[in-house]
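One chain, subunit A, links the two complexes that follow: it is found with subunit B in the first and with subunit C in the second.
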Partner chain A sequence: MEIKYKVNRLQTTNEIRPLVDKHWADLRTAKERGEKVAWASGPSFIFAYAMGMKCHFMAGYSAYCGGIGAGEEVLKVAELAGDLPESCSYHRLHMGMGEAVARGIPINPQAILPMPDLMVAGRLCPEMSHYAEGLNRRFGVRVLPIDLPGPYSKDDMPRIREFVYRQFKEVVIPTFEEVCGKPFDYDRMSEILRILKEVALLRNKCWEFFKDKPSRWTLWDYGVSIAPVFYLMGNPAGITYYEKLLKELQERREKDIPAVAPDGEKYRLYWDGWLPWAFLGKFMRKFIPNGAVVLCGRYPWEFFPHPELIDPEHPVESWADLYYGMESHLTYSFSPKGTIDLIGELIEDYSIDGLVMFSSKTCRVMNLAQPEVIDVLDKKYGVPGVIVEGDMIDSAMISDAQIETRLQALFEMIDGRRKRK
Partner chain B sequence: MEKAMKKIVEVTSNPYAYVEGLKEENNKKIIGCFPMYVPEELIHAAGMIPVVIWRGNESVTWGHAHVPPYDCGITRSFVDDAVRGKLSFMDGFVFHIRQCLQAGEFPFIMERHFKPAYQKVLYLPALYAGDAIRDFAITELESFKKSLEDFTGKEITGDSLKKSIETYNENRTLLERVYELRRGKPEILKAREVMQIVWSSMLMPKEENNELLKELIAGMKKKTVETKKNSIKVIPVGCLCQTLQFDILDLIEDLGMIIPDDDLYIGSRYFANKVGLDGNPIEALADRYLTKSPLCPTKGVWDIHWGDEAIKKMKDNDAKGIISILIKYCPPHACYYPDFKSKMDKEGIHEIMIQVEHEVITLEATKTRLQSFVEIIGGV
Partner chain C sequence: MAIVSGVDVGSLCTKTVILNGDGEILSFDIIRSGHYYQGAADESIENALKTAGLKRQDISYILGTGYGRSSISQADSEVTEITCHARGAKKLFPEVRTVSDIGGQDSKVIGIGEGGIVNNFVMNDKCAAGTGRFLEVMASALSVDIDEMGKLYFASQNKLEVSSMCTVFAESEVISLFAQGHMKADIAAGIAHAIARRIIGMVGQVGLKDEVVMSGGVAKNAGVVCAIEERLKVKLSVAQEPQIVGALGAAIIASERV
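After this line comes the complex of A and B, so read on.
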């Protein structure tokens, strides 16, 4: 008899929405309270938080915008203003939002943010520079750019770490001091890191429940829980949230409740690339009826997988080390070799059956050498993978039929290999 | 002039055969430099031949298995050439992977499928404020120099590097001269020939190219041409890393437009700015890279505007319009273009954007658009 799979929803994840909404509402109204506002891309917003500025994080905004269903209308305004559909959709979202305000085009008011006093452009990817430049040219936004090269090989990391650290000390901190008219608040940065460390340690305990067979939760559940380890960092509410989540997962284990009813998943999958924020439900509806569950991924693992390395006593050094230190090497996980190492570990730790490599048509940061990565990992671990093309926000770039075909192919490959075992 | 031009056409018509022959003739190693900002002088000083990688003219076949279809033409074509073994004569590659995300695709694909004897990844910084940027650019070039020395087993001395810089600077001066002469009498060369001239400099040893350019310049000086009365001058802008399909340049001319100058990489951008000869040569190379003008959208500059530069070039050449050439799936250009366009609109400049794909199926649509463009600017 055919099994009817469905998701067992977690209760705790319902509690994230108010936290997230409050963050964006505080940001929207910051100017009314006379507070300074920053926008940031790359791992640079912590400096704004340390100075007490309200700060929006570009990818976080895009996720939020997609989540509240405002993506399409904002993208339309960008197109109207001349942005090309092949530009990264995060870029287009920000241009669209700015243009909507400047031209008085009505969009969902929740998607409108105040223009920043400072745009901190951490150039992890060159496009992050492009949208900061665009914001400066179009709306006169002041930009504080930082170059953050992603290392191709581990040997390159020490010199890049030095370069990045110097920019933090010599450019970033003095600029914040000038914009805010006060000395840099190292103590607050330490406090933010202390809270982040606590939240991420709890989050790591939650990750353990992905290892259960059947898994107790899905990557999508973690996706909606990401904010406390990222743009809500420094907010103690994140600790409470993850404590509750951990408790719920423990209860599930005790009562043997799986993430996928009735008896757990048939396929355990890895997800590569961005989470498709505007299409989480769509993908869920493709996975679950097939008994497939996504458990881990490169991007969601970007949020400080080794919190034990966070050193709140040396905040600026620690921030540079988290991204470029030889032990943490977060940025290295984005190079093809680093990706292979990371996914290899995840395959083993989470008993992964297949890889879904999400390839965004407008953001190539994680597409680099994806076919090669599949090939290497298949040869090494015998785990098959497929590429699914799409976009994080832009529905024009998502094809249902293509997703369906590729996923079916993946499930068939997994079945075939199981039979041969 | 004809003889020099014949050689240039020969070199650029089949760059694969030419570069392979070069290797045999000179008994030197060939190092492919992915465009745009690899300081070739260092490779030259290391006793090898740097060659700027080009976009092939064939449709992508095997490359599809390695790069997505939504990558720019040169990315797909280069990977295709490499995995099909068409570049087997190359001994090594240099990639500046911070130019755009696509450029980051190459090193791993090459390591797996090409296994070059030499490969160097450069992280040239964005042109942001602060001493750390220049210092890092210098560190990068030092590390590049060291990797070349390790590969060849020979030191690159300050003197040998300065000599290479002189040779390269001479090439830049000669290309400038070609452009000056063309500016005076634009009909003297077809636009495709000008592109081939610059391209030949990217493929040939610079010493040889310098001799060829001298011959060409002498011929250009002597040659008289009849100026067509009704031709309308336009400036092509953009097309970042790639040789433009010559057919498009021909089309522009066939429609009665004339190109007295350009803002293209396989054009005036390649030879813009010389390397200083006083002081430390590595620092001088870094300073050339760190020069903001001509503005390149891959470099992170916003205190000057690309549109202003293009308009100045247009006015200096007494041209009437700008043709933006946008490579499909080139994010640095695509992201800049709306601001470029609005600058044109604000300044009342006639501008049209042509989007170019690697596999051009038909030029009909482009022709129609260019035709109406020429009609509009012709009436001004």
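After this line comes the complex of A and C, so read on.
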């Protein structure tokens, strides 16, 4: 008889929305209170937070717009303003928001942000340069570009770590001091890191419940819980949130409640690439009826997977180490070898049956070599994978039937291999 | 043993295969899908039943596949065309390791492991380049029908390069080649190689392993088959009726589910 799968929703995740809404509401009204505002891409927003600025993070805003369903209307304004539909949808989203305000085009008021006093462009990809340049050219935003090179191998890490650390010390911090008219607040940065460490340690305990068979929660649950280790960092509410989440997951384990009713998942999946912020529900509705759950992924694992390495006593050094230290695989997991190493570890740790390689049409940073990655990992671990094309927020890049066919084919490949065993 | 059927509702054509209890093909049918997939499936099943001299109640199990698989109201279950093409090709060519299927509006290359299971696959269903639709547009630009276009390939003395990947641009390129006074046969050969180039790239992603089976409607175009063979440097195996490979695979899986 065919099993009717359905998701067992967590209660704690309902508590994230008020925290997130407050963050964005504070940001929207910051200028009215005479507060300074920064925007950031890459790992630079912590410096703004340390200076008491309200700060918006590029991907965080996109996730928020996806969550409140404002992505489409803002992207349409960008198109109207001449932004190419093939360019990064995060970039377009920001340009669309700025153009909507400048041209008086009505959009969801929750999606409107004040233009920043400083935009720190941590350049992880060429598109971020265009994003920063666009903000400066079109809206007169002051931009501070910094380079965040991707390592090829671990041998590159010490050199790049020093390069990035010096940018933090010699360029980023002095610029924030100039913009804010006060010395950099190292104590506040230490405090933010102390809270982040506590939150991420709790989060890592929660990750352990992905290892349960059946799993107690899904990557999508974690996706909506990312903010406390992301743009809500330094907010003690994150500690309370993850304490509650951990407790709920422990209760699920004690009562043997799976993430997927009635008896747990049939397929345990890995997710590569960005999370499809505007389409989390759409994908969930394709996974769950098939008894599939996504349990881990490269992008969600980039949020400080080794909190034990955070050293609040040496905040700037520690911040550089988190991204480029030899022990942290945060940027290394974007390198060709690091990708293979990390996914391999996740396959083993979380007993993964199949790989879903999400290939964003407008941001290719994580798409490179995905076919080769599938091939190498299949040979090593015997786990099949498929490439699913789409976008983080742009629905023009998402095709239901194409996603459906690829996912169903993945499940059939897993079934075929199980039968052969 | 039960009589079963596989129905492959593709974007351009709907195909039905009926198998007897010994796994032998009793009949098959191919019709245009049109815009009403459920109706096309019903009509194709009816046609295949008529050819086989059977009634609907004689069929124990119907398995649907293809892009319109969820529209087949008579189907007992559905499986993707990827698995079905692999199973169909395995039945017809037991040594198959790679399937290249070029359908009306998509193309796919499937790597096949032991027992006919799918090891990996790549699909192009985002653009018309390298699909049957591309071939139709080019045939129209050349003012020939598809069959004639296949034959023209072999009359070519000087194969031209059609470099555009986009169907619209390729059509303009073909018109400009005409304007430059090039022969129809040479342009047709260039078009066949443009499709072949697209497929070779996909084969490269999956990994070429002999024996290679070509399925789908475009496999009826001898020029394209020859162009792919030239580029891959392997002989392609083509079924007598390459369009029904997916429906055959669906019928085989149906026979296992009765």
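Simple rule for what comes next: the second predicted complex is superposed on the first by the 420 of 421 C-alpha atoms of A that agree within 3 Å, B and C clash if a C-alpha of one lies under 4 Å from a C-alpha of the other, contacts with A are read in each partner's own complex, and residues count from 1 in each chain.
The rule is simple: a contact is a pair of C-beta atoms (placed from the backbone, for glycine too) under 8 Å apart; a residue touches a chain by one contact, two chains touch by 3 or more.
What you see is a predicted model; the values in this text were computed from it and never measured.
> After lining up the shared chain so the two structures overlap, which partner does A:I105 touch, if you call subunit B first and subunit C second: first, second, both or neither?
neither
> First (subunit B), second (subunit C), both or neither: which does A:A261 touch?
neither
> What is the contact status of A:M413 with respect to subunit B (first) and subunit C (second): first, second, both, or neither?
second
> Using the superposition on chain A described above, determine whether A:L309 touches subunit B (first), subunit C (second), both, or neither.
Neither: A:L309 stays clear of subunit B and subunit C.
> With the two structures laid over each other on chain A, which partner does A:T405 touch: subunit B (first), subunit C (second), both, or neither?
second
> Which of the two partners, first being subunit B and second being subunit C, lies in contact with A:M95: first, second, both, or neither?
In the superposition, A:M95 contacts subunit B only.
> Is A:E389 in contact with subunit B, with subunit C, with both, or with neither (first, second, both, neither)?
In the superposition, A:E389 touches subunit B and subunit C alike.
> A:D378 contacts which: subunit B (first), subunit C (second), both, neither?
After superposition on chain A, A:D378 lies in contact with subunit C alone.
> Is the number of subunit A residues in contact higher for subunit B or for subunit C?
If we count touched residues of subunit A for both partners, the winner is B.
> After overlaying the two complexes on chain A, where does the subunit B footprint on subunit A coincide with the subunit C footprint?
In the superposed arrangement, which is not itself an observed complex, subunit A uses residues 371, 387, 389 for both subunit B and subunit C.
> Touching subunit A in the complex: which residues of subunit C?
Going through subunit C, the ones touching subunit A are 67, 79-83, 114-115, 117-123, 125-126, 205, 207.
> Where on subunit A is subunit C touching in the complex?
Checking each residue of subunit A against subunit C gives 371, 374-375, 378, 384-387, 389, 399, 401-402, 405-406, 408-409, 412-413, 416-417, 419-420.
> For a test of understanding, state which residues of subunit A touch subunit B in their complex under the given definition.
Result: residues 81-84, 86-88, 91, 95, 123, 125-127, 129-131, 133-134, 136-138, 143, 145-147, 149-153, 156, 159-160, 163, 166-167, 170-171, 335-337, 359, 361-365, 367-372, 376, 387, 389 of subunit A touch subunit B.
> Which residues of subunit B touch subunit A once you look at their complex with the stated criterion?
65-68, 70-71, 97-102, 104-105, 107-109, 112, 121, 123, 125-126, 128-133, 135-136, 139, 143, 297-298, 300-302, 305, 328-329, 331-332, 334-339, 341-342
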